[in-house]
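Labels for the chains are A, B, C and D, by order of writing; each one numbers its residues from 1.
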Amino acid sequence: MSGRPFLQIPGPTNVPDRVLRAMDRPVIDHRSPEFGAMVKALLPDVAKVFKSETGKVVLYPSSGTGAWEASLVNTLAPGDRVLSFNNGHFSTLFAEAARNLGIEVDEVPLRWGQGVPAELVEEKLRADQGGSAAYKAVLVVHNETSTGVTSNVVAVRQALDTTGHDALLIVDTVSSLASMDFRMDEWRVDVTLTGSQKGLMLPPGMALLCVGPKAIAASQSGGSRRSFWDWNRIIADNATGFFPYTPATLLLFGLREAVTMLLEEGLDDVFERHERLAVDAWGLKNLCENPAEVSNSLTAVVTPDGIDSGDVMKIAREQYDLALGVGLGRVRGKIFRIGHLGALNELEVLGTLGGVEMALAQAGVKIELGAGVAAAQRSFVAGRQAVATPVAATSR
Amino acid sequence: MSGRPFLQIPGPTNVPDRVLRAMDRPVIDHRSPEFGAMVKALLPDVAKVFKSETGKVVLYPSSGTGAWEASLVNTLAPGDRVLSFNNGHFSTLFAEAARNLGIEVDEVPLRWGQGVPAELVEEKLRADQGGSAAYKAVLVVHNETSTGVTSNVVAVRQALDTTGHDALLIVDTVSSLASMDFRMDEWRVDVTLTGSQKGLMLPPGMALLCVGPKAIAASQSGGSRRSFWDWNRIIADNATGFFPYTPATLLLFGLREAVTMLLEEGLDDVFERHERLAVDAWGLKNLCENPAEVSNSLTAVVTPDGIDSGDVMKIAREQYDLALGVGLGRVRGKIFRIGHLGALNELEVLGTLGGVEMALAQAGVKIELGAGVAAAQRSFVAGRQAVATPVAATSR
Amino acid sequence: MSGRPFLQIPGPTNVPDRVLRAMDRPVIDHRSPEFGAMVKALLPDVAKVFKSETGKVVLYPSSGTGAWEASLVNTLAPGDRVLSFNNGHFSTLFAEAARNLGIEVDEVPLRWGQGVPAELVEEKLRADQGGSAAYKAVLVVHNETSTGVTSNVVAVRQALDTTGHDALLIVDTVSSLASMDFRMDEWRVDVTLTGSQKGLMLPPGMALLCVGPKAIAASQSGGSRRSFWDWNRIIADNATGFFPYTPATLLLFGLREAVTMLLEEGLDDVFERHERLAVDAWGLKNLCENPAEVSNSLTAVVTPDGIDSGDVMKIAREQYDLALGVGLGRVRGKIFRIGHLGALNELEVLGTLGGVEMALAQAGVKIELGAGVAAAQRSFVAGRQAVATPVAATSR
Amino acid sequence: MSGRPFLQIPGPTNVPDRVLRAMDRPVIDHRSPEFGAMVKALLPDVAKVFKSETGKVVLYPSSGTGAWEASLVNTLAPGDRVLSFNNGHFSTLFAEAARNLGIEVDEVPLRWGQGVPAELVEEKLRADQGGSAAYKAVLVVHNETSTGVTSNVVAVRQALDTTGHDALLIVDTVSSLASMDFRMDEWRVDVTLTGSQKGLMLPPGMALLCVGPKAIAASQSGGSRRSFWDWNRIIADNATGFFPYTPATLLLFGLREAVTMLLEEGLDDVFERHERLAVDAWGLKNLCENPAEVSNSLTAVVTPDGIDSGDVMKIAREQYDLALGVGLGRVRGKIFRIGHLGALNELEVLGTLGGVEMALAQAGVKIELGAGVAAAQRSFVAGRQAVATPVAATSR
């Protein structure tokens, strides 16, 4: 198909040309001084993206699922008990990964579309009997990529504080970091984990963690049997700019460029941009139940009864080169997801909304073509006019 | 700014990734057998884009203005007389180039917004007295890039035939070739000239001509003093795949890929796509007067009295990363131009229209946001549904 | 520094421009039919590189160390006993990884510079008492990247056959696959593991395994607790072209191109090229003791007493932009390594040898400049003349 | 063929990855403020490469032959008389271009292999009768790319000064600029012309001129009929950062990067590097007669009687992926040329020399393999040791 494809799945996101070009270069020796200096300058800048000064950034050539595993095997041993909340496909899989590794998971069922209720966290923590069966960690998915729901990590932290529970707080920020506000240190998160292919604007292939002092302490005195994932060896080697394995050199060059771009734009401006672009454009049903929990990085749209969301996606893909996210797990066929995270601007949103409208109409959904686009335009114009400087009388 | 820029000037157009990557490679020896074989296979495929079997393709590392000069100095000598029509900035400059080279130009003034009237061509040709003052050539700009008006080359050809005039027909297809139907052989055009940076989806830097037998004959027996532009030396060397100068190697690799893409899509499908994407979306005034002459590759929009079109462009550029074409020459400040040629798809058009609407509104034009986008969507959906195959009951 | 760097470490190797460009492209939806079709066509071609028809290719976004872990946790449980041979840095680390994961390793010490002696394998297997303490697997590093020694996998296989031992044969081919002959099926290897950044000519970031039926059976009835590394889920999803995690999309496009290049050249021609380029150029001491075990993919050069190999490397790097491999572990300072695997040709070898000679001379080693280069030239010319077709009387 | 090709023709030269990547990016609007600012910052930096503060840089999307034409038609009219010297293929063609444009050329025949003798210049200028038949310009090729001979421009300037002749001094620096010392202002050159594809490390496709005040004055009061080449319109538009035609946007981004690289390395260090790399490696005959005139950017090697230089080139190309320059014009078959200009380092030179030796030997030339390489190595080592800082006792 002609023209540029619209990849609007909730990750991988569009990799900016600057990042692609930064990776399109000769590999260098990963044991050279040049490489070491690059890494030593890079890691503290990555930590800024996590808003952490006390945590250590740990990088693995891996995927987001690898980031789960790294967070678990370094801090928890088989038989340890953790608290988790099932409100979507990825929180389900995170708990499943823990169980696969021998960890006991107390998995609280929620509706898919619901955020993690802080009062429920508090209730579960209060009910904890302590001892060897005490929760060693609370697992939270900040932004559930399968439902477009953002949970309130601050409230979860408060629940831990209120109850005086000392479980580790392990947060999956795969589809939130670098698109939505997240503050590792301020919120006292112990392990933050993410992947390269979302807000960080890189291709998939890297797992990133930021690990706080309490989690490091836990890993030094315990954790599971581990080799590849052992972050202590990595942190030790990283101190001189090197790695205990051959790092994904070109992805690191890409990460360098992507982090530079984020810091150039300014993290808070990045978050404001995603808030601005996450317009509520339709009368269609959002899978997210609570308006306060609607994600700024993706939207899960519920298709009307009788309309298979897969048909909408198929039309979008085949006729308009627009990739949308499939409904995963139990909402397969019932929803589709629009990603609006990472590198993105207003006109791309308009093209995406326009394409979604056309696909919906062609799939048989009663919808007024252009209504969603116009709503977005009004929102964008209002935002611009609120901060407008007068246009000069004449341009060149 | 984040996300992908929207370059919707009427050329240079967006260079597809495939073409950029084809040029991002080591230069090779332009005197090697590998290079010669590439050129020998390429030139006939380029001729297909001109729809010519009898013409010779001639490439220069140059610009569209260089293509003008090549067409003139090879076929005409100082003092020769030509007929031209002034209906825009580029037809003005083409005539000026001819005068700069010593050619006598009978330049018929038209309104900017008007096409070349075939009856006027016929009238001028009939009035031609012949002899040494006879028109040696008729210069026509197929698609006037400054006004968005397409002239009827077939009708011009008929005027030449009807009057039995043997002037050369020299046609500028800079903003039409490979976006709109053009048939060098069928329409008996003697010289067709274009640039790389429009329908051919390349960066600027190459002038392309297709030269018919009558023009070659004229160049062999006459023309101006010339060296760089002498196409006979080029045609002679090209026969073995080489050039009398160092060719722009990487642009040639790009041209190879771009022509492959055009032929893969199918030229007639490319034209149909541009016709489909050239939706009439607004109630705003089109500079083109005659609906039958509205260009499929660009639209010149007249801004209402009191609104400087430069302000609209400035807002589009600064706030939405949308580049629009400036009003050139006598319509500066009065119009802006939207390019919709080259690599382009529906969602890019929707984003562009949406951005133009926002810029217009913010510049003070009374416009209903989304109205133009919705009109385009309806047109696209209607087009798709007309050819629709039923959506399978379930997608994967 | 000007000009092209010479990256002649034993991996990562130089990534060919074709491969870099194949990865410099937009990410696509990893759940789209287009992606699935690409994967389904790719995996069997990757299997050809392993020379396997019965094995399943399993890809992880990871490193060679991740490939070790995947081979271990899928087939072995904590407490299982394996036989390994310590003849270099990487065989040491492979055994250490196994121990980290709770596996009992009977690690036979060898000299660094020695290959795995088949008679010793046989002796160890005969001495195996069977029962729960029986070796479940034999771990062999085909080509020890730290010493430049190639072990005879065929002989190891014969030792297993002769003794009728049913241990799994797990072979690390990180620095041999796609540079030196390896035949998974013919040699009845149960698990072959490698990384992307050596003979496969990709950047680092991917672990590749080829897993035979016996290993799959072992994993289905046992193995360690595992989640990320569980190859059965991957193999199941791969059957339809998809992955249970977000795959490293762009690396897969690179793998597609790299495998195409290998098959275009012809695997046996690739091996022959590496044999040809692995010239024995110096009077200097090779760390590899047995000429029959000298690696075709890298050479470990022992520097004379009193010469720190690190000084040679530093001169090469800083003055000639030539990256050489450091001496690892117990041979640090005593050797440096020249990589000659992956994409490589004669003139690159000559430049490398010439640069090594200059660095040696400047570091104080008594060496005749040019002697090694001349030896290589004579070898190359002799090879060419042996297959020469007469030069045509005149070239163009 | 595997590995990196060796393109060692005397241009186009190897384009560095940094430059290729700078051009592998979206085209931007050539009428945008962003573009204008880039151009305004670029042109003065390009002037530094010409070592000129008084001259204006003029860029054309064209070739080196276009640069000739631009220098001629802006300053000279048909019938004007110029002095030129025929000492190679390119000085021949430069004179021919002038004649094609109606200029009277007094072309002094020299041996190919000879530089322009300053005493002969002086003699010709003294013999000039003045009046309308006076030489209006002296055309000099600084570095004759077909023979590897560098003429002494300073001495030519002195001949003009000594005789008090006011002819313009027009110098072709196609294969010298940015590789060998050239000083436009200090040597009072009136027009300097070059192409993009040599010392400037760009792909072919751009002609660059630096035009001094006297040449501009000549163009304003005279010159030939011209349109495309008229530099006064370009200089006028450039003052605001724009062009009277669509410029070759991506080549300009490449030029920006290439000039940055040259200034980073330091022009005088660039010249020193080329002097260092231009080793005299063989006993073979150099076409350049006078050692003081041997070019630092290329070497023309005379093959022994009975050996067709084309055969050497063919072996180099087909067996070693080494592109050498053909013998042009009257020395076809008798010489081949090795380019050593632009981006280049020591190891590339060693690989090239080694490849040339192998090709010579295989073509039947009696040559000692490795002798030339060893001579180059000794020269490089001697140069390094002359400036050596002591190697630290231990490296990392």
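By our rule, a contact is a pair of C-beta atoms (placed from the backbone, for glycine too) under 8 Å apart; a residue touches a chain by one contact, two chains touch by 3 or more.
As the structure is a prediction and not an experimental result, all values here were calculated from the model.
Enquirer: Select, from A-B and A-D, the pair of chains that is joined by more C-beta pairs in contact.
Expert: Pair with the higher count of C-beta contacts: A-B.
Enquirer: Centroid of subunit A to centroid of subunit B, CA atoms only: how many Å?
Expert: 45
Enquirer: Between subunit A and subunit C, tell me the centre distance in angstrom, where each centre is the average of that chain's C-alpha atoms.
Expert: The mean C-alpha positions of subunit A and subunit C differ by 35 Å.
Enquirer: Subunit A to subunit D: how many Å between their CA centres?
Expert: It comes to 53 Å between the two C-alpha centres.
Enquirer: Give the residues of subunit D touching no fewer than two other chains, as numbers and ranges.
Expert: Residue numbers touching two or more other chains: 4, 14, 21, 24-26, 396.
Enquirer: Is the way these chains touch best called a line, a ring, a star, complete, or other?
Expert: Drawn as a graph, the chains make a fully connected set, so complete.
Enquirer: Residue numbers of subunit D touching subunit A in their complex, please.
Expert: 17, 21, 24-26, 33, 396
Enquirer: Using the touch rule from the top, collect the residues of subunit B that touch subunit D in their complex.
Expert: 4-5, 7, 9, 11-15, 20-21, 23-32, 60-66, 68-69, 78, 96-97, 100-102, 195, 197, 203-206, 225-228, 230, 244-251, 317, 323, 326
Enquirer: Okay, in this complex, where on subunit B does subunit A touch?
Expert: 1-4, 6, 14, 16, 24, 265, 270, 273, 308, 310-311, 313-315, 319-322, 333, 343-348, 350-352, 354-355, 357-358, 361-363, 368-371, 373-378, 380-381, 384-385, 388, 391-396
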